[in-house]
Each structure stands twice: as C-alpha cells, then as structure tokens.
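Just below sit the structures, each encoded as structure tokens.
Both complexes below contain subunit A, partnered by subunit B and then by subunit C.
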Partner chain A sequence: MSETAAIELRKFSKWYGRIIAVNDVSVGIDRGVTGLLGPNGAGKTSLLRCMSGQMRPSLGAVRILGQDPWRNPALARDIGLCTDQGWLMDELTPAELIGFDLRLRGVEEGKTRDRAIEALEQFDLGHAVDRRINTLSRGTRQRVKLAQAFAYDPEVLLLDEPLTGIDPVARATTVKRIKERGAAGRCVLVSSHVLHEVESMTEQVLLLHKGRLVAHGNAMEIRDLLDQHPHRIAVECDRPRDLARAMVDLPSVQGFSFPSESVVELHTKQPDECYAAVPARALEANIKIRRLTSPDATLEMLFRYLVGEGS
Partner chain B sequence: MPISDRGYQPYEGPRLPSRRNNWVITSLELRRIWASLLVKIVLIIAGIWAILRVAWVAGVGYFNVTLTERASQDAAAVEQLRQRLAQALSSDLVLAGIDGQLVFVILLTLAWGSGAIATDVRDRALQFYFAKPVTERTYLLGKITPLAVYCFFICVVPGTLIALVEGSLLQGQGLAASRSALVLPAILYSLVLSVLLSVGSVGISSLSRNRLLTLAYWAGILFVPLAVAGIVDLATQGEFVWLYLASPLTMARLLGRAIFRLSAEGPLQWYHSLLTLAAVCGGSIWLAWQRLSKTEVVG
Partner chain C sequence: MATKKRIALVPLPPLAAAWEVTRLELTRVVRGKALRAAVVIAGLLVVAATISCLAGARDSLATFAGSVRSLFPWLAIALSMLFAARVISDDVDAGVIHYWFMLPSPRWAVTVGKYLCSAAVVTGVLVGSTVLLYLGTHIAEPGLVGSHAGDLGRAVLAMLGAGLSYTAVFLFLGAAVADLPYLLPLIHVAVLEVGAGSSPVLEIASIRHHVGVVLGTPAQVAADETVDTVLETLGLVTPEVPLWASLLVMAIVFASGLALGVIVTEFSEYRTGKP
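Here is the complex of A and B:
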C-alpha cells in the first residue's frame, strides 16, 4: 500500500443487517484514474458511499486524504461525487444547480456562474446552461451531474457508473475529462461493470466481487485472463445448424451447443478469430444473422473465473 | 459549429468558509418555496386578506372617528363615544389581525414545511447535501429559516399595519404612541407563531419519507388535541380545560394574549403554554436531528 495513497481502506467492511456488501477490503488508491470494476451487487456503490462520507464503515476504516470522511464537512469540499441515482433540483437550470453546489463549497458568489458555465461547456452542454433540468434528456442530466462533480475541481472524484445513459460522442468527451483530471494529479475513482469502459480511461483497476477485492492491478492483464478462459459466442440466426456446419472446420472452434431453435453457441479459446470468422462464413452460406453475443465476455464470468467458480 | 476545447481548467479562486452555507441554502429554499404554485396561491390570498382586513379597520375606524367628532354638541356624549372608539381600536384588533392569518400560515406549513425533509429523503437529496460541506445544523436551519420568513411576513404585515392605523386614527385622543407601540407585540407574536409552526412542521417532516404521512402527522399534532379538548370542554362545560395544554395552536394564542397584555380567557395562564410550545419545538428539532445525524444516506 502506498504511503501517499489519496484513498485508503483498512480492513473495511460494510453490511446491511445480515447482508454483507463489502468484506474486509484493504487497499490504497493513488492519485490518477482508477477503475472500480465489479458486477451488479459487488459492493461498488457501498464502497463509494462510505468514501464520500455518506455511510459509515461497519468495520475497519476509510481515509480520504488522510481523514475520516464520515460527516466531515471540511473534507467534503474536496470530494466530488457523481452517483447513478443522484438528485437534481428539477426546477433549476444546470447553471443554477452547479452554482449552488459551488457556493456550498465556498466559491465566491460572483464567480459561480462563470465557473458553472465553464464546467458545463467542458461536457459539451453549452446549449443547456439556462434550460430547466426537468426538460433535459436522461443522458444530458447525467452529464449535468458529471459537470457538477467536476466544477469545483476537487482533489478526489468518485464517479459511480458515470457513462450510464450517455451517447457515444458524449462518452468520448467524458472519458477525456476523466483522464485530464487524473493527469492533473486528482484522484479519480470510476466504478463500472463494463470492462472496456474502464479500459478506455485507465489501466489501474480494482476488481470487486461479492464484496471482496479479488484483484488489483493492470487492466490489460485482466483482459488477457478473460481471453484465455473458455469462451462462448452465441449466434442467433435463421439456420443455426447450417452455421455450425459452415464453422466446423475452423481450428479455433472447439464445439457447439444449441440452447434454442434459433441460437447456436460456439465454444472457443480464441474468441477474436471466431468473431472475425462468423460473418464471413454466414455470408458464404447465405445465413441471416440476427444477433451475436458473448455470454462469457461479461465481468460476472471473469470474476467466476478469478475466484475459481468457472469451469 | 467550431468546437474549441479549452481543456482542464483548475479552480484557483478563493475558497470561503462553509459557515455561510446557512445563507446559501436559505436563499435557495426561499426561491424554491416561492416557485411552488400552491404556496404562491396561499401567499397571494393571505396578502389580499391582510389588505382587506387593514382596509376594513382603517375604513370603519375613520368613519367612526369622523362621526364621533361631528356627532353631538354634548361634550359628555362625545367623550363617551371616544372612549368606546378607543376600546374598539385596541390590541384585541391587532391580535385578531394576526390570528386571522393563522389559517394561511398553517396551510403554508402543511403545503411545504411538513414535507421539507420527507421530500429530500424520497428524492435522495440528502446525498447531495451531505456530500458537500453541509452539517446537520446548516441543513436544518436552511430548511426552517425560509419557511419561518414567509410565515412571519404573513402574520406581521397585517399586525403592524393595523397597529399603525389605530395609532393614526387615535392621534386626536393622544393614543397614537400607545397604539403604534403595539407594533412590537405584533412582531413578537408573529415571531412566536412563525418559529413554532415552521420548526414543528419541518421537524415532523423527518419522520418518514412518505410526504402524505408527514403531512398527516403535522395536521394531527395541530388539530387532534384541539378537537378533542374542544369536544370534551363542550361536553363537560369546562371541567377539563387542561386538555388544551396538548394543543399547540391554543397555547400559542394564549401566549399571544399575554404578549399583548390581555388577560387569559380561562384558567390556563401564559406560562402554562411555554411547556407545550417548548415540547413541540424542542421535540421536533430533536427528532430531525436524530434522523439526520444517525441515519446513513442509503439510496
């Protein structure tokens, strides 16, 4: 654990009644961008809430910039939080809302509007500055929440599923802003259950599964692990058995299964080769593909693999 | 449209202390309360009602003063009429002017105060506030103060105006100063009512995230003891007057009479009311404090 860690968890556990959300996690998170990866229910949100001082650890300790964040107003000023279920005052405009946030954090009255507009423009929301929040789309509201978290330029940014509901162009901008803050020496912790989302922002990841920290390290190594374990590719098409026949000579394909009348599952250890071959073979055999999915390319499978539950 | 990416902009301005956050939340809440259509309607009707009441006092008073001066050549009769006028234009009228606004203050606390914290809990707004440099005290003051300000103005405007009107009407009788001085008790009584009702309603609003439930609690606290005491009082012909001790509204009016130096209408005295009023204010603040300081913000 780094001695200069911006965020530090020591034997941290959090439970609700008999349900354990986070179990005995000890880790130090340095400045820069770090991904907090885990499937739904892994304990990511509980962790972020304790870090932002909204909840107390049931056991152990959380330290943000060396201080306990629980109801610590002085520290709260330096923590920016964007939650997936955060609250926005619908009757205000984004500029007013961010201005209110900035005033609470101690920014001078006369400077709040300029700073709020600047933050909104950083997220390409110049057009929405003076529109009421209740007239904005879900994706735009999410970006307003992000602009609000970023506006004060806090030392620590805790972002819970920040890309939820955002269109691809805005995603690129958001990822860019997150990386900028990381490069500027801020500590940015981004939670997600989508590996490639986090990969686009950072290489440093924490993997949380069923409340336990199962891995802490480089995202590329984790990606390699995902590619090595047995993989299934589900293809929904009009003639699944014919597609299987067309793919049978591929060395990367280890077997087939037919979970339904319209789906064939290819079993492979080289998913990239398979993904490339499926459209070509289907075209040759004049088979119409309706959907191509990978049930194993999910974090849930990766975690099962990491904790030894996967076959 | 050309896109100019200004990139990362660090904040380098001054960072003010968080103690001014009371005012930051209060100013926003004043705006939010005014933005509510229901509140606007209540405030406008309260304003019209206050103007009508003051105008009625001024009109009727002026008519009577003029009539008295022209009424008779008999000095004794004129003096008698003047005394009656002085009795009519007294602190009772100022008190009645404020009490007449009580219905609007109650409506305001039911419409806004009784849901203040409940709505924030329901909307997960506490996540927003307590992830900022906001303490429980700052938050509570920020919720109570704006409501108290509106309640205070609803009460104080007719109260002070009626006192001033009385002062100007009785100028000829040398009572201008004494009647104008009723402005002070009018302000004090308005303050008591606004603090009691805003603190009580906001505190009670912390009891549940269900806004209807907290509204029912607050309405219950205001009206159930009053109704029970009233019915029992009527049935027993005043044998259980002490039941009124449980009614914050009756106790506030009892204190109001004492503030205006009017004698109590029954055996209960002004100091009896202090216990009830302290219990309502202190109890609701304590409840809200407990809920806010111990409850974790779970979404």
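Here is the complex of A and C:
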C-alpha cells in the first residue's frame, strides 16, 4: 500500500443486518484515475458511501486524505460525490443547486452563479442552466450531478456509475473531464460494471466481487484474462447448421452448440477474430443473420471465471 | 504526477449555512404543491368563518375566538404533518439526503436549516390565516377591529407557539422512522392530542390545551354535571395554568423536539436505493 494513498481502506467491512456488502477489503488508492469494477451487487456503492462519509464501516477503517470521513464536514469540502441515483432537487435549476453548493463552500454570493454556469458549461450544459431539474432528461441530470461534483475542484472525486444514461457525444466530454482531473493530481475513483467504460479513463482498476477485492492492477491484464476466458457467441440466423459448417475450418472456433432452432453458439477463446469472421462467412454462404450476441462477455462472467465459479 | 494547486475556500460558519439551507428549502417549498394545498385549506376555513359571521349567527369576536380555538390547533397539526414530518423522509426517498450530508457543514446545521423552513411555512400560514380570519369576522363590524386587537395578539402568539412546537416534534418523530414518517406523529396525535387532550387532568399534557390557554379560552373537558361533581370530589380537575407556564411548556416542547431531531439525523445512516 502506498504511503501517499489519497484513499485508504484497512480491513474494511460493511454489512446491513445479515447481508455482507463489503468484506475485509484493504487497499490504498493513489492520485489519478482508478476504476472500481464489479458487477451489480458487488458492493461498489456501499464502498463509495463509506468513503464519502455517508455511512460508517461496520468493521475496519476508511481514511480519505488521512482522515475519517464519517461526520467530518471539514473533509467534505475536499470530496466530490456523484451517484447514479437521486441527489438532485427537482424544484431547483442546475444553477441554483450548484450555486448553493458553492456558497456553502465559501464562494461569495455574487460569484456563485457565474461559477455554477462555468461548471455546467464544462459539461456542455449551457442550455440547461435555468431549466428546472425535473424537466431535464436522465442523461442531462447525470451531467448536472457531475458538474456539481466537479464545480469546487475537490481533491477526491468519487463517481458512482458516472456515465449512466449519458449519450455517446456527452460521454466523450465526460471521460475527457475525468481524465483531466486525474492528470491534475486529483484522486478520481470511478465505479462501473462495464469494463470498457473504465478502460477509456484509466488503466488502474480494482475488481470487487461479492464484497471482496479480487484484483487490483492494470486494466490490460484484466482484458487479457477476459480474452483467455472461453466465450460463446450466439448467432441468430435463418440456417444455423449451415453457418456452423461454413465456420468449422476457422482455428479460433473450438466448438458449436445449438440452443434453439434458429441459433448457433460458437465457442472460442479469440472472440475478436470470431466476431470479424462471422459476417464474412455468412455472406459467402448467403445466410441471413438476424442477431449477434455474446451471452457471457459480461463482467459478471469474468468475475465468475476469476474466482473459479464459471467454466 | 503534478498536482495542480487548488484555491482554498473557507466554508460558511454553521449558522450561516443553516440560513442558506433555510433559503434554499423555502425556494423548494414555494415551488412545490404542498404549500398551495395548505393555503387553499386555510383559506377555506377563513372563508367559512367569514360567511358564518356575515350570516349573523354569532358576533365578530365569538366567531373569531371560537374558530381559532376549535379549528386552528388541528390546522397546526395538519400543516406540521405536511411540512415537518416528511422533511427527512422525502429526501431519503429521493436520494437527496446524501447531497445534504456531503455539504461542508455539520449535519445539525442542515437539520436546523430545514426545521426553520418548515416552521416558517407552518407559522406563516397559521398567522396569516389568523389575521385574515380576524379581518373576515370583523367585516360586518369594522369599528371593532381596534378594540379586539388584544385577542388577535393572543391568537397570533398561540399560533406561533403551536407552529413552532408541532413542527419541532413532528420533525423529530418523522426523522426517527424515516421509512414511515407519519407513523409516530399519528400516534402522538392519537395519544396526546386526541386521547389525553380529551380527558380531565390528562389534557394538560397536550399542546392543544396550552394553545387554548394562550388564546385565553382553554378547552376544558366537560362532562355532565354529575360526572363533573364526582371528578371534583376525586380531585381530578385540570389545574389552571397561567399564560407564562403554557408558553414555557411550548418552548420546552419546541427545544426538546428540535434537539432530538438534530440528534436523530446526526447519527443516522440513511440508505437509499441500492445497497
């Protein structure tokens, strides 16, 4: 564990009654952007809530910039939090909400509106400044939360599923802003259950599964593990057996199965090659593909693979 | 990694933060539907009393005093339920509670700020309705407006006391069981305001009784003459309470309700949505 870690967890556990949300996690998180990856229910939100001082650890300790965050308003000015749920007050406008936040943080009353607009414009929300929050789309609301968390430039940013509901163009801006903060020396922890989302922001990841920290390291290594993981690619088409025949000579394909009359599943350890080959072979054999899906290219499957629960 | 220097800001002191919270909450309440509903209900009461007075059923002062004593304590209870009991639970439901508790101000300042907003709205509607009721019931006898001003003053004082104490108690009770914010306030009303408030001697435990004392017309619980004699023989008579004592009771209820509300929110972990 780094001695300069901005966030530090020591034998941290959190439970609700008989449900264990996070179990015995010890880790130090340095400045820069770090991904907190885990399938739904892994304990990411509980971890972030304890880090942000919303909840107490059931056991162990959380330290943010060396301090306990529970009921610590002095530390709250150095922490920015963005969650994918709730948070916004529908009756207000984004400028009012962020302006109020800035006012409490010590910005002069006459300057809060300008600073709020500046923060909103960082996320291309100039059009939403004076609109009531309850009239905004889900993606816009999410960006308002991000603008609020970024507005006062906190030392530690805790972002829980920050890209939820955001359209692709706004995603690019959001990812850029997150990376900028990381490059400026802030500690940014981004939780997600989507690997490629986190990959676009950082190489440093923590993997959480069923409340336990199962890995801590480089995203590329995780990607390699994912690639070694046996994949199934389901192809729904008009002649599944003919498609299997057309692909049988491909070295990347290890086997086939036919879960239904119209679907063939390809078994492979090189999914990228397979994804590239399927349309070409189907075209050659004049087979019409209706749908191409991957039943197990999810983080949940990767975790099951990592902890030895999957095949 | 190069760390870009931040501009250090000094957060507002807790009391100033509480005032900012009150202002923001007032903005939310003014834009919400609950205030409109409260104003309509209070307005209907005023209009009904005015019509009854114009119909000549009773004189101006009797209509005013009777309406304030019999209706307004219940209006105070209803408004406090509406604006104070759900102060914390609404924010828990909407996930906004995490926003409040991420501010660089102590939780108590946030709770006090939210209380001040609820109390301002409740007492504002109560006092406004009282004044309108006074003017409405004197519409047929405008010459008496000045001579009954003392009764108006006592009524305003009673409504201020009722508003401040009920909102403090209901804020605490609503925050204590945020999942069911009306549960404890309803039990409080059933046990203390309806049950005890309608019983000899025990009525002294209800805020409603003390509101009556401040109004100058305590709602003494009366049974028939025989029962009254028996109760008197047994010594079961509601003691007379001076005005200052009732004001003191309401002040104690207000202070303890607010203090308990602050303690509950200070140490609670509010879970919203997913774990």
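Following the convention adopted for this analysis, the second predicted complex is superposed on the first by the 311 of 311 C-alpha atoms of A that agree within 3 Å, B and C clash if a C-alpha of one lies under 4 Å from a C-alpha of the other, contacts with A are read in each partner's own complex, and residues count from 1 in each chain.
Everything that follows uses one rule, which is that a contact is a pair of C-beta atoms (placed from the backbone, for glycine too) under 8 Å apart; a residue touches a chain by one contact, two chains touch by 3 or more.
As the structure is a prediction and not an experimental result, all values here were calculated from the model.
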Subunit B and subunit C placed together on subunit A: clash or fit? clash
- Message: A:Met55 in the overlay: touching subunit B, subunit C, both, or neither? Say first, second, both or neither.
- Response: both
Under the stated touch criterion, which partner chain does A:Thr174 make contact with: subunit B (first), subunit C (second), both, or neither?
neither
**OP:** State whether A:Glu121 touches subunit B only (first), subunit C only (second), both chains, or neither.
**Re:** first
Between subunit B (first) and subunit C (second), which, if any, makes contact with A:Asn23: first, second, both or neither?
neither
Next item on the list: Scan A:Lys111 for contacts with subunit B and subunit C and give back first, second, both or neither.
Entry: first
After lining up the shared chain so the two structures overlap, which partner does A:Tyr152 touch, if you call subunit B first and subunit C second: first, second, both or neither? both
Where subunit B and subunit C land on the same part of subunit A: residues 16, 45, 49, 52-56, 71, 73-74, 76-77, 79, 81, 83, 85-87, 89, 91, 100-101, 103-107, 152-153, 183-184
Counting only contacts in the complex, subunit C reaches subunit A at residues 1-4, 6-7, 9-12, 17, 20, 24, 27-28, 31-32, 94-96, 98-99, 101-107, 266, 269-275
As the complex stands, subunit A meets subunit C at residues 16, 19, 21, 31-32, 40-41, 45-46, 49, 52-56, 71, 73-74, 76-77, 79, 81, 83, 85-92, 96, 100-101, 103-107, 132, 152-153, 155, 183-185
The answer for subunit B against subunit A in the complex is residues 3, 6-11, 13-18, 21, 24-25, 28, 32, 35, 123-125, 127-128, 130-136, 293, 296-299
As the complex stands, subunit A meets subunit B at residues 16, 45, 49, 52-56, 71, 73-74, 76-77, 79, 81, 83, 85-87, 89, 91, 100-101, 103-108, 111, 115, 118, 121-122, 124, 152-153, 177, 180-181, 183-184
